[in-house]
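Look for chain A in each of the two complexes below; its partner is chain B in the first and chain C in the second.
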Partner chain A sequence: MTADNRQAGQFTSLWAQLRATAGRGPAPYVLTLAYATIVSALLLLNPTTGLGTDMVVVLFLLLMFVIYRAPTMLAFKLTLGTILLGVIMPVFGVLNPFYIDVVTKAGMFASLALGLNVVVGFAGLLDLGYVAFFAVGAYLWGIFSTPQISNIVPGMVPLNGSWFWLFLAIGLAVGALFGVLLGLPVLRLRGDYLAIVTLGLGEVIRVLATNLDRPVNITNGAQGIKDVGRPPLFVEPLFKALGLNISVIQEYQLYFYFLVLLILALTVLVVYRLNNSRIGRAWTAIREDETAAIAMGVPLVRMKLLAFAVGASFAGTMGVIFSALQTFINPPTFDLLRSIGILSMVILGGMGSIPGTMLGAVIVTLLDLQLLPRIASELSILQRRGVPIPSWFDPAQYQRLLFGLLLVIMMIFRPEGLLPEDRRRQELHQDDLPAPAAEQEQPAPAAEAKPEPGS
Partner chain B sequence: MAVEATTGPEPLVARRSFRSFMSEVFGPLLQVLAFVIGSATILGLLVVLVAAALRGTRTDIDLLQGTISILPQVIVDGLVRGFLYATIALGYTMVYGVLEFINFAHGEIFMVGAFAGAFFSAALAASGMLDGLGPVLFVLAAVLLGMAVSGLLAMSIERVAYRPLRNAPRLVPLISAIGVSLVLQDVMRMIAVNSGLGFNASFKTPDLGAPIVLGQMQIAADRTIPISIDSRSLIFIIVAIMMVTGLNYLVNITKLGTAIRAVAQDRPTASLMGIDVDRVIAITFLIGGALGGAAGVLFGMRVGTVNPYIGFLPGLKAFTAAVLGGIGNITGAMVGGIVLGFLEAFVASYLSLFTRGQFSGPSYADIVAFSILILILIFRPSGLLGEVVTQKV
Partner chain C sequence: MTLLHAHHITKQFGGLTAVNDVSLTIDAGSIVSVIGPNGAGKTTFFNVLTGIYKPTKGTITFDGKEIAGLRPDQITTLGICRTFQNIRLFGTMTVLENVLVGMHARLRASLWPTIFNTPVVRAEERAARDRARELLTFVHLDDKRSQLARNLPYGDQRRLEIARALATSPRLILLDEPTAGMNPQETAEATRLISRLRDDLGLTVVLIEHDMRVVMTISERITVLDYGTKIAEGLPDEIRANPRVIEAYLGKGAAAHGGEQVEG
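Moving on to the complex of A and B:
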């Protein structure tokens, strides 16, 4: 027993030593740069679609979190991040259009997850119908930019693409409006009731989207809306000036990539500032203890409504972008599974933690869109070669299983998420403090404290 | 530790009188019956009045005659839906009673029960024994199998996914339950698709008999229509009433029921009184799961096909029913289920008729169910039969 402990102690001290060396002086700069260079070179030199490149893309996105965590100067982090996301990724995207699409989706879901994180993580309101607001934004632009609008307002012609920019703002406002409208009746409810009611509301929006093709054809029912308008490519001369000779599809891919990147950056900024404001502290108070928060004079319903509206407004804007990106929307896109998927991103990363939520979004999106289908196709190749793999085993078909296991396992073993917020980690582990688990955790902060003065 | 095991045959309480026995077992049923008659009468009168008011607007068909001629069928449909929601809602409400926790995976327990029945009937059909087994024996065996499978499943889920989280913040077990429900859907799909049963598994039954004609209704001078109830609906209603009676007996009369009620009222004190709380909670999941599984088998038998996603909507609506009746209250769950079932049946049948097919009734019936949930939670969060509970600090 004691020998085991000693050995474990040696391991931790070795790990601590390693961290200390890697985190002191110029080492983190060199290591991060080396990692960045190797991954970028791998990406740019071998842009074929395959399992190997998949792995490198995952490493590339994890690099963002290495940069975020590395004990280096802020200016260095920002420069490196900008170069990687602003130059390397787009160039790779031109070479291989498949991956930039996945990365754009990951960015979009990261933005959505950050919005849900405001509701679930900051204010502690479990919203299972989050995708309803996403649907509202998507249908808003979908209806106004297609002949669908002529059915509702006779004589009105579809808006052209340049209105897209205005609709980003309108999507924000309409999302917030829906958040308030749906939130007003239900926010007085206790947590678990709220979860079920929001789930019901999400279903209502989906049922309405399916059935509002009669008596007036608003949503075109189950067929969905196709040929949704796209914003004009005002950057086209810029691409030409850079000597890029790429198709319109690829131009749009890059365009949406940068758009999503920009929106994501804005979202992070807004969410971060909100969390550290008076409002953010009020949300924390509500989440931790409603009764105490009321006693301290926090306007409960107003603050909950605000959280709901902020989350919903992000979803509304992302919905507008989503419909323009996909150019096709239909009701099944906005089902419960999508809401749960976004929720599992927040939970995997860590409720209330901004970098955690983004990490969760990247992991879940990559798993969902890229790795599972890839593993499935690799397995079927192996199968054809005669390796005994049962034919029913198709990982791409089991998203529900993936999300479900993710939720259960995270709740049982690490409810605070991968990159937890400090307060929540303390809250969820206050019971095990006298237990041995606490001993294992204690050396970690001590080790972390050492390199801090150097940075 | 368990008090039931150690006390032996000597009863701790005085023998109850026959009268109190009858009132505890059948009293809730009378309440349910009152709500059945009340809902059917009020809603029936309402649609007839609306039809009479709208009569002049339609020239193609006689709206009033059409309304009255489908009314008996709608009432039977309402009864079946009502008992479906009631039996599922009992699982929600019992678990909520002892743990104050919404067992989100309960809809999937219902679905697994339906699949257990479908597998059973497919196995019988494959061995050619389906018609040899009489209808009564078949229904009994299928329902018991569904109860056993779902009950044990619910108990093991509680052990694996909920018990480790019992002292965690409220949302943690709820999220775990959502995860469990997704896992169950996909695992069941995996099993169904690969066992040859198929995604939309057909639920074969022996010949259960022709619809039973209860009487003739005169709707015009020269036209009568039969009032009939099909045998599957009748089976559903009879089995559901039997189960509900059994549950009343179990909860109100037996010592186990007393233990369950004690745990629901005050868990720490119950454990101080020598009740094995973990065991009682496990048994509550077993009973709730068994009821859900039986409902699943009956539902599959009536509809004819089952698929891995059928549990979601009935589960959600049964939760609505539980809240409507007052969550934690067993009679309330039955009453809530009945009321919701009737409302839905009427909306599903009459909305298209009254709006000339502009609004599809079955889709908007879902919206009506959720609107009821929201309205109830806003204006009477304690439900129809619930007591007002203040939130503990």
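Moving on to the complex of A and C:
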């Protein structure tokens, strides 16, 4: 054993001891409460926009996963989680409108990533065109709530905002339908081939969105659709009753925050139940061994289409919400990079794992929208103040490089993701396990050898 | 009573004829072996019976129904199930989950009831778990039910494959080399288990097997394939003495010395 190894061993045992102490008796309750109080206080007392607050917001969202993992009672977890997400975050959002927007986006992408996780993580079908379903949902509401609809159905006026609720359900159904339609041609394909075909189909949807402004102007082409309808603010009296005097923009921010939170919670529930059911088992079986699965009576086609439909339906609904939140959609929003972004959330967090996928979505969204731009702007400020950073180095141009490096490092050191599903961890770390007897070389059956004639 | 009747089955892959005009009749409640040298087409024949391959020619009747051309999952649902020559468990699922997958076709829970977790779904799931544990007890694996299948010792994996196949509630079970790679003691255990499938569960068993001791001990009838063609069929003693079988296994020269060497 080398000195390095010994040191690592000591460090691990120290870490294990710490974990054991923190996990015993009332310690986890005290620690999570302390963590929650400190982070909440920091957020509420200093709601300025800056790198410091960025970090605190990250810590706040990580707190959710700490609560999830902490060995405490379920009621405690739920109460604390509800207070933090239902009270602290919205209050902070009122004090500083910038961050709640980012958190809403994180929730939205978490839901999208969970949908993709059904297809990629559960059923093992690599889908590189997932954003197509998101686009379908977004354009659905975008077209029906704006004058675009009059181009398609002459005389029809744009639907008003209260239709939004119905369109959440329609988005779900249309998403599922497109999931099945895009799933049908790829059913016979596996692995790399499947990935390439879904990539192509995803591009088809984007190109259609770009070009369907002629002969009939359906999508308004590259200019996109603006002034997408928003649902009526039925919660306004409630805000007033709470003594909140905030602008309509802020009211909508809170409104969409809670809506996304609700949909996300429903998504988690649905995905969790499916995964622990006959259907989820069939998906895992297909991922593990298609031939064995079908020989055990799993109808391959139906189960694969179901995975595509379920995954796509979440994206359809989120697309409807996205278009109402942004009030503007255009084709570049739904490009290949977005699909890959969502896939990287799933992989970074831990394929097949529900909390992992959500953690991945939160981290990637925060890095994307907040941390990397912030780091870049801080570096530019330093550069201007005369810190020796060469002038050819434009931090804003290099911020994606950091993201790329992060992905590379992750995949080298923790390929199973941040919060992996247990099975996946076993799969990727089989060397660490005590050598399973199953791996032993099986002797060739004696009778199998056919002796040469005359021997 | 005839349970399965394969009628003049031929399977070609391009120019290669893997199974050539093979007919086989299996009586309900019997144990039948299919033997033959490597590459004789035994596994291909199994794959045709279970729907993984469609026969190029020929018909298969199971329990009075024509099954050639059905999908594997449909055939499984009708009551034919199998194990694989190279164990094909769902490695990263637990032992219990593997058996539960086998029950897929027998469970009803569909999308919406599952999402709403209705009492019917919950009751069905509980019953399925109980049944799975019964099957695991039958193959002596119940105490290992929460281990991952990949971590089981070799012999346990073989038994788990049988439990998983039983979970589909078959009437006919096809075992592809169930004792391959086992030591003599494991082989003896496996042989007892195969007998119990018929004696305790009332199943009809067809096995592909290379271990002649196993074949001769438990088979009631034996079919011999060589180069895709059926060269012999009959009782174990008849097969043991059949010159064409000895020739196929040991070569022309050995055939003259009589049949005893087949057993070695």
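Rule of thumb we're sticking to: the second predicted complex is superposed on the first by the 399 of 455 C-alpha atoms of A that agree within 3 Å, B and C clash if a C-alpha of one lies under 4 Å from a C-alpha of the other, contacts with A are read in each partner's own complex, and residues count from 1 in each chain.
We take it that a contact is a pair of C-beta atoms (placed from the backbone, for glycine too) under 8 Å apart; a residue touches a chain by one contact, two chains touch by 3 or more.
Remember, predicted model here, so these are calculated numbers, not experimental data.
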item	value
Which of chain B and chain C A:R400 touches, first, second, both or neither	first
Partner chain in contact with A:R385 - chain B first, chain C second, else both or neither	neither
Chain B versus chain C as contact partner of A:A285, first or second or both or neither	second
Chain B versus chain C as contact partner of A:I294, first or second or both or neither	second
First (chain B), second (chain C), both or neither touched by A:L306	second
First, second, both or neither for A:S277, with chain B first and chain C second	second
Doubly contacted chain A residues - partners chain C and chain B	291, 427
Of all residues in chain A, those that touch chain B in their complex	124, 126, 128, 185-186, 188-193, 195-197, 199-201, 203-204, 207-208, 210-211, 214-215, 291, 336-337, 340, 343, 347, 390, 392, 398, 400-401, 403-409, 411-412, 415, 427-428, 431
Contacting residues of chain A [partner chain C, same complex]	270, 273-274, 277-279, 281-282, 284-285, 288-289, 291-300, 306, 310, 423-424, 426-427, 430, 433, 436-438, 440, 442-448, 450-454
Chain C residues within the chain A interface of the complex	37-38, 50, 52, 71-73, 76-77, 81-82, 84, 88-93, 97, 100-107, 109-111, 114-115, 117, 121, 125, 128, 148, 150-154, 157, 164-165, 167-168, 177, 179-181, 210-212, 249-254
Interfacial residue positions of chain B with respect to chain A in the complex	101-102, 161, 164-165, 167-176, 178-187, 190, 193-194, 312, 316, 319-320, 323, 355, 357-360, 363-364, 366-367, 370-371, 373-374, 377-378, 381, 391, 393
